[in-house]
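First chain A sits with chain B, and in the next complex the same chain sits with chain C.
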Partner chain A sequence: MKTTGHRLAVLLPYRPAPARMSVRIGPLPAAILCFCAIMAASTAWAQAGPTTLSPLQVIVKWSPLLLRGFAFNILISLLAMLLGTIAGLGLGLALLSESRLLAAVSWLVTQFFRNAPWLVLLFFVMFLVPFQITLFKTTIPLPDWIKATVGFALPVMANVAEVVRGAVRSIPSTQWEAAESLSFTRRQTMWLIMLPQCIKRMLPPWMNIYAIVAMSTVLASIVGVSEMLTLTAQVHAAEGGRPELFAPLYGFALLCFFLYCYPINLWTARLERRFRVR
Partner chain B sequence: MATSWTPDQPIVQCVDVRKSFGALEVLKGISLSVRKGEVICIIGPSGSGKSTLIRCINALQPITSGSIQIEGIEVTDPRLDKLALRRKVGMVFQQYNLFPHRTALQNVMMAPIHVLGQKRAEVEARARALLAKVRLAGKEDTYPGELSGGQQQRVAIARSLAMRPDIMLFDEVTAALDPETVKEVLVTIRELAEDGMTCILVTHEMNFAREVADHVYFTDRGVIVEHGPPDVLFTAAKDERTQRFLSQVL
Partner chain C sequence: MQAIGDWFQRLYDTTGLNFSVFYDAYDWGRYLGGLKMTLLLSVTTILLSLIVGAIGALMQGSPSALLRLPVNAFVVVFRNTPPLVQLFFFYFGLGTMLPAVEAAGMRVPLLSNVQWAIISLSLFAGAFNVEIFRSGIEAVPRTTLEAAEALGYTRLKAYIHIVLPLAIRVCLPALNNNLVNLLKTTTLAYAIAVPETLYAVKQIWSESQNVFEMMVVLLATYGILVGILVWMMHRWERAMHIPGYAR
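Let's look at the complex of A and B:
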């Protein structure tokens, strides 16, 4: 019997063709898509009547305010990232500490803040931190946006700590031995030999965290910070809350965030590719 | 006890050194002594504990029992200042282990500056001289990734020498090299030995061991089977295990 030449299709397991789940949209088409959404709404409006402003006119009219709000989002994200990175570096080093107690405590802290919803953390900071603190008879006011920044810095800290820990762990142990045999202290080894080698490895994940923080800053609208989303809602209300303005106004916010975050992600992916080939 | 050492006593003295990893005993009572200026080679089949032994000598790994003294300093002393000990003992590894983010010159300069706190200008002059000595003048500003294995290993030797150690440990330093670059590293080590540096080498280069060593130790399965001057050991080994090993590698 010679059956070797043919593979009996009936007996083969059914394999569905691999579905391509990811839809890749370039930055330009995506921006055009957003823009079209705004325009479509505008043209729909054009037939309604001349007395009120078209959605596009509304956006143009309010864009200085809205963009100022967006700048505030960026400011919050940058400060949160700065705070979170400094704290995260410390926490990451604590995770790598030789002291079991310190390592265990920092592990708990890291896991807690990594696995808590950002909004819940934000609420906690908003309501637990007083609106002002008095130090040595000087009263320092703590406006909402500062508290929100701290609220975002907490999860950033935990995520950065994990990035630091992972990067240092990924350096071959032979580097530790070489440093040890040259009498470097643990601290010197960390700062002179380990961390400088880690920067390349840490950069892409760190930028990923930043893009997420930038997008998450809109959560601050829920706790009353006058950032872009809050302002968008206020503009919508000021224009009479017309339903046809909803999509264009929020579309504008989407567009702003997209145009800001997409290049960061693109750059991150490029760095990842470059660093992989060593 | 550290103060009682004089140069006429052994610079390294191991007595009944035992080392276990869990249930596996890797060193089963090793005793050896090295005098100042001596070059000793430790040979033997893979897994016989050679590398473990020299890693124990500079306290990279703790021993289970026994005693190791470096210039009279007891390595097993729990109050041992490991950093002080390692300043006396330089070590070169099989995989070079240079710091990839620093140039050759910086690799050599780092430890004297940061560990010994010496002046940068003085260290730099010494580092350049050392790189020239290992025939790497002109490669000062090159990063390790751009150097060949043999060149990297010579930078590693210069890096250790920059700390002005009294003893140098070489852990199979030519095992990862291309055959054509082995020689340049061996030449460097031989010059070092001729300068009077105390050297302990774990090596598979039998001809080199024969030529450069004052004393050769043959280890197998965690014990020293036999030791003696190379002329004797390589030509008239008494133990059957030594004979078999030598017949395989020579």
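Let's look at the complex of A and C:
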């Protein structure tokens, strides 16, 4: 669906993928902005007393632990993305399959995992997958963070499947015909012609999904995985549970995620603009 | 109603599948309460987030950088941080800073957890709506705005009566997506003990020991809720359809 040369003075059709982050403030000013906000929140209680630490001191004191928690979040998100992408590629190809039955079943699976809330899926995996499985007489323990990773991988799978399907569908059908006339089999066409062309189109939405996963990993704290948010609550308790510590501590978590996700989003937007099909 | 209850009771007796919500009046009441809370959260956050989005998009299009900058910062920050941490930041961080009020002889926080959930989720979804509305507003041709100006509309009036109605029609598909997402995000309120569906269902399964069955009920519930929302949005899309424009 390409727009023709001259523009009529009418309502333009909606572009499915406009440059997403056209609202932007530079990364540096953004970081400074966040930092200032936290500093301001901390200094408000700087004179809390000689024995108690100021919120900023608390954050500095505990930041190694909190950042380790954050690294764990990132590890979970990367693993979930890896699992989800592999499974999603398979599911996406199944969506495009010529067999009606396979396409219908995979459509159902995709819709199911796309429309269920992430937290519900996480509960689903956490409660229904056993804490260890016995395979060929060897018992493999499944720690809760691995289960959480699988829980995040499920919606990723469905979203990646949709991305794959959309990208393959967006390739002009003449490519299929050309491949057919060169006597490529369907599988060869898919792997040698379609998917290589799709990678460029899939990359921005795929990175978008990654940013969403990275932000969703904090949900694991609800089901008891000791990632950053759990540690934040524990640090708060360790510092005597002073209510004025909540805002700086959670602000620090916000800042960490912001500094991680915002560059990804800016990069995604740039790729999207560059790959935009006109 | 009685027949359904009996059927599920018999199902439990014969197969061991314990769908206690359908025959146990107490569980049913809790489930219904959770459902009501989810509906309340969804409806209010959808409406508020639309308002946030509309106001934000208006401010973003303003010529003054003083208005644009805060909106841009708001959008960038809320889009790039986890909604759960936002919720905690609001509820624990800001909630404890607000003064408590006297109510019925007890000191209660100024804003309850339900109210904080509504505020936080509306702002989160609102940040996305700002972007969506902006893309819609950009699609409205310059000439239409000029025509409105020629007819003597002020900027605000032109926005309310001309630009926004057109923009909403253009960005409905994207809006649809975001609102479905918002409905799913209301489950996060669970984390601050808002008794919505997930919370109620978890209570039921920890007392009745029927995790699997309740999980099925839970997934079905959200499936149906999302289905209803999508159906309504599609109907709205059709009703708002501009003749002769894109299908």
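One rule holds in what follows: the second predicted complex is superposed on the first by the 250 of 278 C-alpha atoms of A that agree within 3 Å, B and C clash if a C-alpha of one lies under 4 Å from a C-alpha of the other, contacts with A are read in each partner's own complex, and residues count from 1 in each chain.
Simple rule for what comes next: a contact is a pair of C-beta atoms (placed from the backbone, for glycine too) under 8 Å apart; a residue touches a chain by one contact, two chains touch by 3 or more.
Values in this document were obtained by computation on a predicted structure and should not be read as measured data.
The partner of chain A that touches more of its residues, comparing chain B with chain C, is C. By the touch criterion defined above, A:Thr134 reaches neither chain B nor chain C.
Residue contacts after overlaying the shared chain place A:Pro243 against chain C, while chain B stays out of touching range.
Contacts of A:Ser216 after superposition on the shared chain: chain C is touched, whereas chain B is not. When the shared chain is aligned, chain B comes close enough to touch A:Glu177, but chain C does not.
Taken in their complex, chain B has these residues touching chain A: 58, 60, 82-84, 86-87, 89-91, 93, 95, 97-101, 110-111, 114-115, 159-160, 163. Interface of chain C with chain A (complex): residues 60, 69, 71-73, 75-77, 79-86, 88-89, 92-94, 96-97, 130-131, 134-136, 138-141, 143-144, 166, 169-171, 173-174, 180, 184-188, 190-191, 198, 202, 205, 211-212, 215, 218-219, 222-223, 226-227, 242, 245-246. Interface residues of chain A, counted against chain C in their complex, comprise 9-16, 18, 20-25, 30, 33-34, 112, 115-120, 123-124, 127-128, 211, 215-219, 221-222, 229, 243-244, 246-251, 253-254, 257-258, 261-262, 265. Of all residues in chain A, only 174-175, 177-185, 188, 192-193, 196-197 touch chain B in the complex they form.
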